[in-house]
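Alright, structures below, take your time with them.
In the two complexes that follow, chain A is the common piece, with chain B as its partner first and chain C second.
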Partner chain A sequence: MFEFSAYVQILTSYTILGGVYGLTALGLSLIWGVMKAVNWAHGDTLMVGMYTAYWTVTLLGIDPYIAAIVAFLLLGLVGMGIHLIAIEPVIEKPGGHEATLLTTLGISVILESVALILWSPNPRSFQNVYKSTYLQFFGMRTSVAEAIAFTVSIVSIIAVDQLLKRVKFGKAIRAVSQNPIGARVVGINVPRIRLFTFGLGVALAGMAGALVATFYPNIRPLAGYIWDIASYVVVIFAGLGTIYGVIFAGIIIGITEGLGAIFLTNAYRHILVYIVFLLVLLLRPQGLFGKALRRV
Partner chain B sequence: MKITIKWITMAILLILALILPLFANEFIISVFVQAYFWAFLALSWDVIGGYGGQFSLGHAAFVGIGAYTSTILLESYGISPWMGMWAAGILAGIAGAFIGITSLRLRGPFFALATIAFAELVRLLLLYFKNVTRGPLGMLITQTGPQNMIFEQQSYYYYLMLASMITGVIFLKWFENSKFGIGLVALREDEEAAESVGINVYKTKIIGATISAFLTGIGGTIYAQWLHYVRPDVLVKLDYSTQIAAIDIVGGASSPYGGVIGSLILVPLSLYLNSIFGGMIAGLSLILYGVVLLLVVVLLPSGIYEFLRRRISDIMAKKMEKGGGKTA
Partner chain C sequence: MVIHMLLELKDINAGYGDLHILWDVSLGIERGEIVSLLGSNGAGKTTTLRAISGLIRPFSGSIYFNREDITGYPIHRRVEMGLSLVPEGRQLFPEMNIVENLEMGAYTKRAEENFQDALEWVFNLFPKLKERKKQLAGTMSGGEQQMLAIARGLMNRPEILMMDEPSMGLAPKLVLEIFNTIMKLREEGVTIFLVEQNAKAALDISDRAYIIETGRITLHGPAKELLSMDEVRKAYLGI
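Moving on, here comes the complex of A and B:
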């Protein structure tokens, strides 16, 4: 009986973590959806978001959730900078989408090394009241920090979906994603939409990083890596052109990871995630919630 | 005339490469050993990544599979790596076919992401099956002697790596004009057109991935013999996968020389920077790696080799024009 409740507890934790994966994948999914560009530096911008939270909280002593807003704004600017250096110069050239893979890879390497130089490879974490307070429900418990991250994840996904559907700027983003030439014909400034979309995608990654930092004990220059892979897996798993898909895919990946932790021990829990992931690729290459791939 | 100049240049370069160990010290030789090794991997990657246009970021997995196969055969069964490297290539090739079957229906970046996940899986499995691979500690190669591909001097490894690299170049030269190679390029450019002239797109891609992984696996064996040990975290890491791809792209993808040029520039550069700054500021050499990659992709999208080739043929054409003007 004890074992059973322990398993339920593990699965609950991983479900919540999966929800957070949805948030870390959201920015990536948005950027991919609009400009068919992969932001290879996604995990590293997430890592910069973690450090932003770390430094604003430890140096200024402000609330970590205000730090998350700071991270959102700061990384928005960083994102636009990355876009101007690495995306815009190549995106319209032939083979441009492959080129963005490489240019953002360059950015990724640069961000990681700068972080290594500035902040050393040692893992950091900061104390906060949210991490050490727990919520109890049906005998399971979770820290307030994780519960808030989960909630923000769902709220952000709904917000981005509504932005794309209702707001003029969001409609312009969708127009660019569906037909860049047509969008230009009706007077949309396509490069500017791309700039803001990329900025928004990276800002979301930064915010995700700051939220993760409230409960994650391993803030270090290479921390982006594990979140990176989780985000990519979630985006592919969810499929193309779906915003809501990322939250469900995130939760499924989270639960799979939890089952991995139960059956394969904690250190090897990702084995199950990758096996399930490769199986899904084999059976449903368009992802769980994606539209069927059109043959080009 | 142009062709003779090309052959003379190649012959001079080859002679220089052959006599280099006679006057270089061990450190310089080991730098070249690594440059040739990465060049060989970049050339292997080029088969599917360049000619096939399928951007793999999981090639470190094949290095790992190759290195582990031959090392397990050597240490547990006493089979020499000279034999084991073929088993290594075949096993890596099977893994390449597997990744081809699961993910080659995906396009572009999605394929790249799937290959990353695959490489992660391989790394975790190498850690997980402790009784075969000895887990995170890895395996030391305790056997010695040339019959086990273990040499006392760097210069032997130098010639081994040089031979591998040249074999890779010759293979790609042949490959790019073979019926199969042309088919692979055709489907990279336009899958439907390729299909309509009778190329089986899916099968061609899978065979391409298999060849690429086979060669990379053999590279893994040779690398393990040079390192004298294998360890999951050393061999199968995303940094290696991206490095393989980056070297080929910077040098020039879809070319038998691109990987060689990319490697001869980037590998010594990063080793040199590491040796200067590595102790003081970890990461500084990596920044330059990132900057070079960014600059080359933005400014010279078809790579350094293609850029040099065009410059040289421009200069030649101008000279010819001038010469023509004088006689007239």
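Moving on, here comes the complex of A and C:
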């Protein structure tokens, strides 16, 4: 049996992991929760972000956190490209929001196939000083890389939340999502707002991928899936349309996973996550922080 | 044709896909006027407004605003020029509060600078909105939502305010209140293009009116003249 301090250590690690889930879910929350387009390629854009970090760090020798900025910018452009190909042509058609499920599935297949051809299915990782340096506090320890990812997660989620609440561009994003016709009537350039929203969502996924890559030993073309599913769970758990809820939902899921690891053994830890997830869906279908739907 | 009115439509044909709704619609609105477009359900009133505002592109014909041909302009550019629409169904932002909806109404550059003045102006016109600044639009009653929709349109400081059936679904007392507000707006120099099924109320406050039947303008003239014409009285006023 574990010592008590071992439990605390496990829960600390999983709390940090949960914070990172929040980060990987943030872009999805913006695209799916706020913009209401399904991005099935979300995990794959995370994966591209991981490889962006891998290659810029190993080939150019730059700091992984500069690589994360590179991933943010690069994936922002990729995201706008995906938007123009897969989202904008269908989103205003009848059933358009559902259609994005299929068009982005196509993008997902393309990204994974190209990654397999270019980089092989072998898992990769890269050495960096942040991964091998540890922080000690109250007898617990965590790598600097994970602590930074956790911190960036919280800061980014607050930043995006405030963007939507206080900045004109962010309010326009909400207006477009709540009523596209109303948005056009007040003079918002709706296609442009959607382009930037999707671009920002994918940029955040790219940055999340790059930050995960600093400590994740399994960078490979299909790596997106694990984080993808976690992201979807976090977004639904938080409630569609809430941004700040993502950080709490991520941490709750992380801790639940940790409790699962303690009580159900490591291999079955996800069972507890999905039990809690199903309970939330049953008892509070709008999510922990979501509001019930309202229409004008 | 000499273009001299604030807004002019010339031979507009418009519709949706294969559905041809407007046939050679021509009309004009002078600065400072209240002009109504009247007609029964499905006659093409809303389609006319959609074509003017830019929500749809006409198949053919031209639209002039301040003598500029705006037929090909996207809607956000038209709003920026001072063409505001209070659309059918109000189209508010349900999860935003009153002030946020009004902020969105002032989204354009032309409106941004004078936001505080405009806010004070619409709060004077609709004191009820001022009392509940933080209420979410989705939780308001139909009449309050209509007032908010008009106020949101006014935040753009429009040169012309187009309204699509502002009296629809409202209690008679509220209809009266809305029409009183429209008259007040004209006194303050806002040009109004009003689309209505409530022909009597609309003709009472209008300078001129157009009557549209199955997508064609069949009658137009000063509102007082139309009010006294037998064919109008029978078809639209039920007298």
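We take it that the second predicted complex is superposed on the first by the 289 of 296 C-alpha atoms of A that agree within 3 Å, B and C clash if a C-alpha of one lies under 4 Å from a C-alpha of the other, contacts with A are read in each partner's own complex, and residues count from 1 in each chain.
In the analysis below, a contact is a pair of C-beta atoms (placed from the backbone, for glycine too) under 8 Å apart; a residue touches a chain by one contact, two chains touch by 3 or more.
The shown structure was predicted, so the numbers you read here are calculated from the model rather than taken from an experiment.
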Chain B and chain C placed together on chain A: clash or fit? fit
First (chain B), second (chain C), both or neither: which does A:270 touch?
first
- [ ] Have a look at where A:38 lands relative to chain B and chain C in the superposition and call it first, second, both or neither.
- [x] first
- [ ] Tell me which partner A:89 touches in the superposition: chain B (first), chain C (second), both or neither.
- [x] first
Between chain B (first) and chain C (second), which, if any, makes contact with A:73: first, second, both or neither?
neither
Per residue count on chain A, the busier partner among chain B and chain C is B
- Query: Counting only touches as set out at the top, which of chain B and chain C does A:171 meet: first, second, both, neither?
  - Reply: second
Query raised in the report: In the superposed arrangement, which partner chain does A:184 touch: chain B (first), chain C (second), both, or neither?
Result: second
Closest CA approach of chain B to chain C after superposing, in angstrom, is 17
On chain A, the footprints of chain B and chain C overlap at residues 295-296
So, in the complex, the side of chain A touching chain B is made of residues 32, 36-38, 85-86, 89-90, 93, 95, 97-99, 101-103, 105-110, 112-117, 121, 221, 225, 229, 232-233, 235-236, 264, 267-268, 270-271, 274-275, 277-278, 281-282, 285, 293, 295-296
In their shared complex, chain C is touched by residues of chain A numbered 168, 171-172, 174-175, 178-179, 181-190, 241, 291, 294-296
In their shared complex, chain A is touched by residues of chain C numbered 53, 55, 74-76, 79-80, 84-85, 87, 89-96, 100, 103-105, 107-108, 136-139, 145, 152-153, 156
Within their complex, chain B touches chain A through residues 53, 55, 101-103, 105-110, 112-114, 116-118, 120-121, 124-125, 127-128, 191-192, 238, 242, 245-246, 249, 281-284, 286-287, 289-294, 297-298, 301
